[in-house]
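Following this message is one structure expressed as structure tokens.
As written, the chain order gives the labels A, B, C and D, with residue 1 at the start of each chain.
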């Protein structure tokens, strides 16, 4: 009797657990609303694109292709919700590169959708052909494409030959190491980039070049790194730009008070800066961001998309990607928000659009001298910018301006860098802690 | 001769008492310091918690300017804190009540009744009890999603009610109850439920109060579950508000902490006599 | 017995504590508003005092009590409803062009017609303070 | 007679089962099923079945081994220290004939205090410019970086012992009170010294309580991580990078396979410790 009841209870318990188990898993596959979702915590450019796409869908495709935007009131809540839902099989279908998530680590764990596979599966052309191949190929990782850059900006700064000559440098052989030697001797007060958080972003982009996310290794212990660290550190340390004043005034660049200036990436703003500097008698020139080993040019993605592998209706994503890379969207948005479009035709259109009749001396009439200056500046700007754009071979995932808010830079090494730049910890301790934290982050 | 022995004995007694007071001071100091800080003015607290300036922090219990400003801010000028206090209450009280009832029933079964697989099942319970939160956080989200309990208070109350913590605690105190009284009651033909209510419950009052206190404290300081299972901010308990204090509100963090501590303190003071002797065989008084 | 006395006191204190918190929460928004400075506001229109001056844009008629008069310069407080939950007040310095017994004619950068200007307040207010608008006839 | 006995046994099973039903339902839905989901998901990467690849990757992962080492160090230092200190304090309290209950209850206050405000107090005390370092400097020693060196482990162990010592003292006092005083008299009669009494009588008699205190200490050694997260954030320095930090960070890396396999390893780590102690307790209670 006792043995029988033992068997009965054990059978009952197993049956009971399996019932609740399938009960919970059964309706796991219940597809909630079959529309594509995007989570946003603030009105970013992806929301504009989605609103435009929804109107486009209303006219051309049917309404079921429209994308639903889910609002969140804070970044932390949104990120927590995204991680929980993605890991339990759901989550938003579209992710934007400006959301504070460690995108560089997603390649290895199947959370992101491989676009190439999707294109092959549905044999659908999303118009990759007429986008600038340099940027698109830079984002491809051994045959797999996880990220779609829409707008990008080359990592360049604007300066003038006169300013560089003041620190006896020339644009051709410009390097941050040489600049830091000059600046440390001349003891003159200067504003390196016109703003303290620009310097912080420069420091983060400098660190980023010594980390290789694919192989998961970082070279902070080499003496090349420690030597360059001293140059960059001294550059930033005695940078005297005031906390909240941005030296974008053209006189400051011309008379050398501010050494470099990061313009908006679009052709129009570049031509505008060039023409003002030309008008003030300077000869503007483009200078590369810090490049380890002086390699060729690199760019960073201003607006980019990634897609969730759990997406229930993947076929609806392709028209959206095609629309994002299409000529008229890229054209409208790059004019509206001064972006540099990926689509080649849109870029050519932006180049023609740049007019050069500027009324510099505000006498509400454009003299021929001003016209001549304008056209000369325009051609110089277009030539320089095109050389840089065509020689881009590498593309970082995060914008230069928001480098200090990325997941890695803010939560992993954020306070170590702040302490070091404030002078609380020594260089050796900084390198030791930086190596340890990066090591943990990369192998995690 | 005798009084010399007396003096040595009295010296030993004094040293022991001093050591006792020292020990209590070590345990009470942070909490007393927290209460002292809650009477400081807003500016002094902000200055104290600002670690950027270089000089060392002095621990001064005496506030520069004794002011009830922090309490005034918390009780009168922050309506959202009071609402969040009630969120905490709504989440904690049902959990504590539920867990006590469920645990008492199960503990009685584990403690006194024999059935097959008793010890193996109890071992499974202990393992589930010790599993850290992170292990079952995401799968729990899936389960709650399927029962569509997300975004309502039950999502935190139910897992809390069925935690195995109470069962282990009460089983320990039930074990000390002699079997003779149960045998006698069973011979009189009393049903198990009557045995449970009339014999077991009165004797494990200490264990019950201890469980209520510990379970209350555990759910009162809950942070992870609400953050993940609730969508809108208005349902968050006060413990989350306390844990991520933006710089703006630094001034009232101590007063809010003290207000947050009072319910737990009340429960403890209420059951102090029983907590001191949760597992004593000989019943007091 | 001593033991029961402590129990009784803690029980009673607990009930009082929760009652007080309940009352405070119930009245919290009313208390909060009572402690806020009470203000009266009026909508201002663009206009000018001397009839023959046709160009009225950029010039606004503001009741006398609304302007803190410092010679030809003045300061007005207006309601900015950027944050819908809390009504806050912002300061704006204006130049006073002319004055009659009822109105000031002022012009200032950032003024627009349909602006709600504070002309009476129970306590003195400063930039960014939360206020409680009495008789709020705003939309 | 045998049939009646069987009938009674049968009724006892039914009653026990009815008593257990509510907790069984709850435990299954909210603990057993999620644990099974976690186990199943740890064998998959996305939709592909990969078997134990996740586990083998895990053990080649340097950070995971570091986290495992730190967790083991913390568990095998904090729990014994807490056990010994609370036992000594319980003995010390017992040695007082008449002691006002204020002292006994003051040990439980730390458990009652809310975590967030205490974190502020700990920061004030242990920060690089905190009170402790102020004291050290006045004595001429150089500052101890509690937040960035091996001493951070010391700090966490101190916070753990400080917070949960009170409760263990209560449990030990209860255990000590259960030792019948007659044993002490008989031991003292045949001239046993106080140390012999302690080792021969007191410790063997309170082993059941010790097992229960050990159980409570393991539970609380995982609950202490709220303070660790509050004090150190998501990425502490490498001396205090625990298994729960590893699991939590993988949460944000959206790497569910690694997170679930790490959680399963953590639960196996616990089950082994428990099995060892369960067997030890079982063998000892038979001998008693």
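Observations on the structure shown:
Here is the rule we go by: a contact is a pair of C-beta atoms (placed from the backbone, for glycine too) under 8 Å apart; a residue touches a chain by one contact, two chains touch by 3 or more.
Because the structure is predicted, anything quoted here is derived from the model rather than measured.
Listing every chain that touches chain C and chain D alike gives B. When the interfaces B-C and B-D are ranked by C-beta pairs in contact, the top one is B-D.
Between the CA-based centres of chain B and chain C the separation comes to 44 Å, rounded to the whole angstrom. Averaging C-alpha coordinates per chain places the centre of chain B 16 Å away from that of chain D. In this assembly, the C-alpha centroid of chain A lies 47 Å from the C-alpha centroid of chain B. Counting only residues that touch two or more partner chains, chain D has 9, 13, 17, 24, 29, 32-33, 37, 251, 256, 259. Residues of chain B in contact with at least two other chains: 115-116, 138-139, 142-143, 147, 272-273. None of the residues of chain C touches two or more other chains. By the document's touch criterion, interfaces exist between A-B, A-D, B-C, B-D. Residues 9, 12-13, 15-17, 19-20, 22-27, 29-35, 37-38, 41, 89, 92-93, 95-96, 99, 101, 103-125, 127-131, 133-134, 137, 162, 165-167, 170-171, 173-175, 177-178, 208-209, 212, 215, 218-219, 222-223, 225-226, 230, 244, 247-248, 251, 256, 259-260, 263-264, 266-267, 270-271, 274, 278 of chain D touch chain B in their complex.
Residue ranges of chain B in contact with chain D, taken from their complex: 16, 19-20, 23-24, 26-28, 30-31, 33-34, 37, 48-49, 51, 54-59, 101-103, 105-106, 108-110, 113-116, 118, 123-140, 142-143, 147, 158-159, 161-162, 164-165, 167-168, 172, 175-176, 192-193, 196, 210, 214, 217-218, 220-221, 223, 239, 242-243, 245, 253-254, 256-258, 260-261, 264-265, 268, 272-273, 275-282. Chain A meets chain B in the complex at residues 2, 5-6, 9-10, 13, 23-25, 27-28, 73-74, 77, 80-81, 84, 87-90.
On the side of chain A, the complex with chain D involves touching residues 1-2, 5, 9, 13, 16-17, 20-21, 24-25, 79, 83, 86-87, 101-102, 105-106, 108-111, 309, 407, 411-412, 433, 436-437, 439-441, 443-444. Across the interface of their complex, chain A is touched by residues 6, 9-10, 13, 17, 24, 28-29, 32-33, 36-37, 45-46, 48, 61-63, 66, 148, 233-235, 237-238, 241, 246, 249-259 of chain D.
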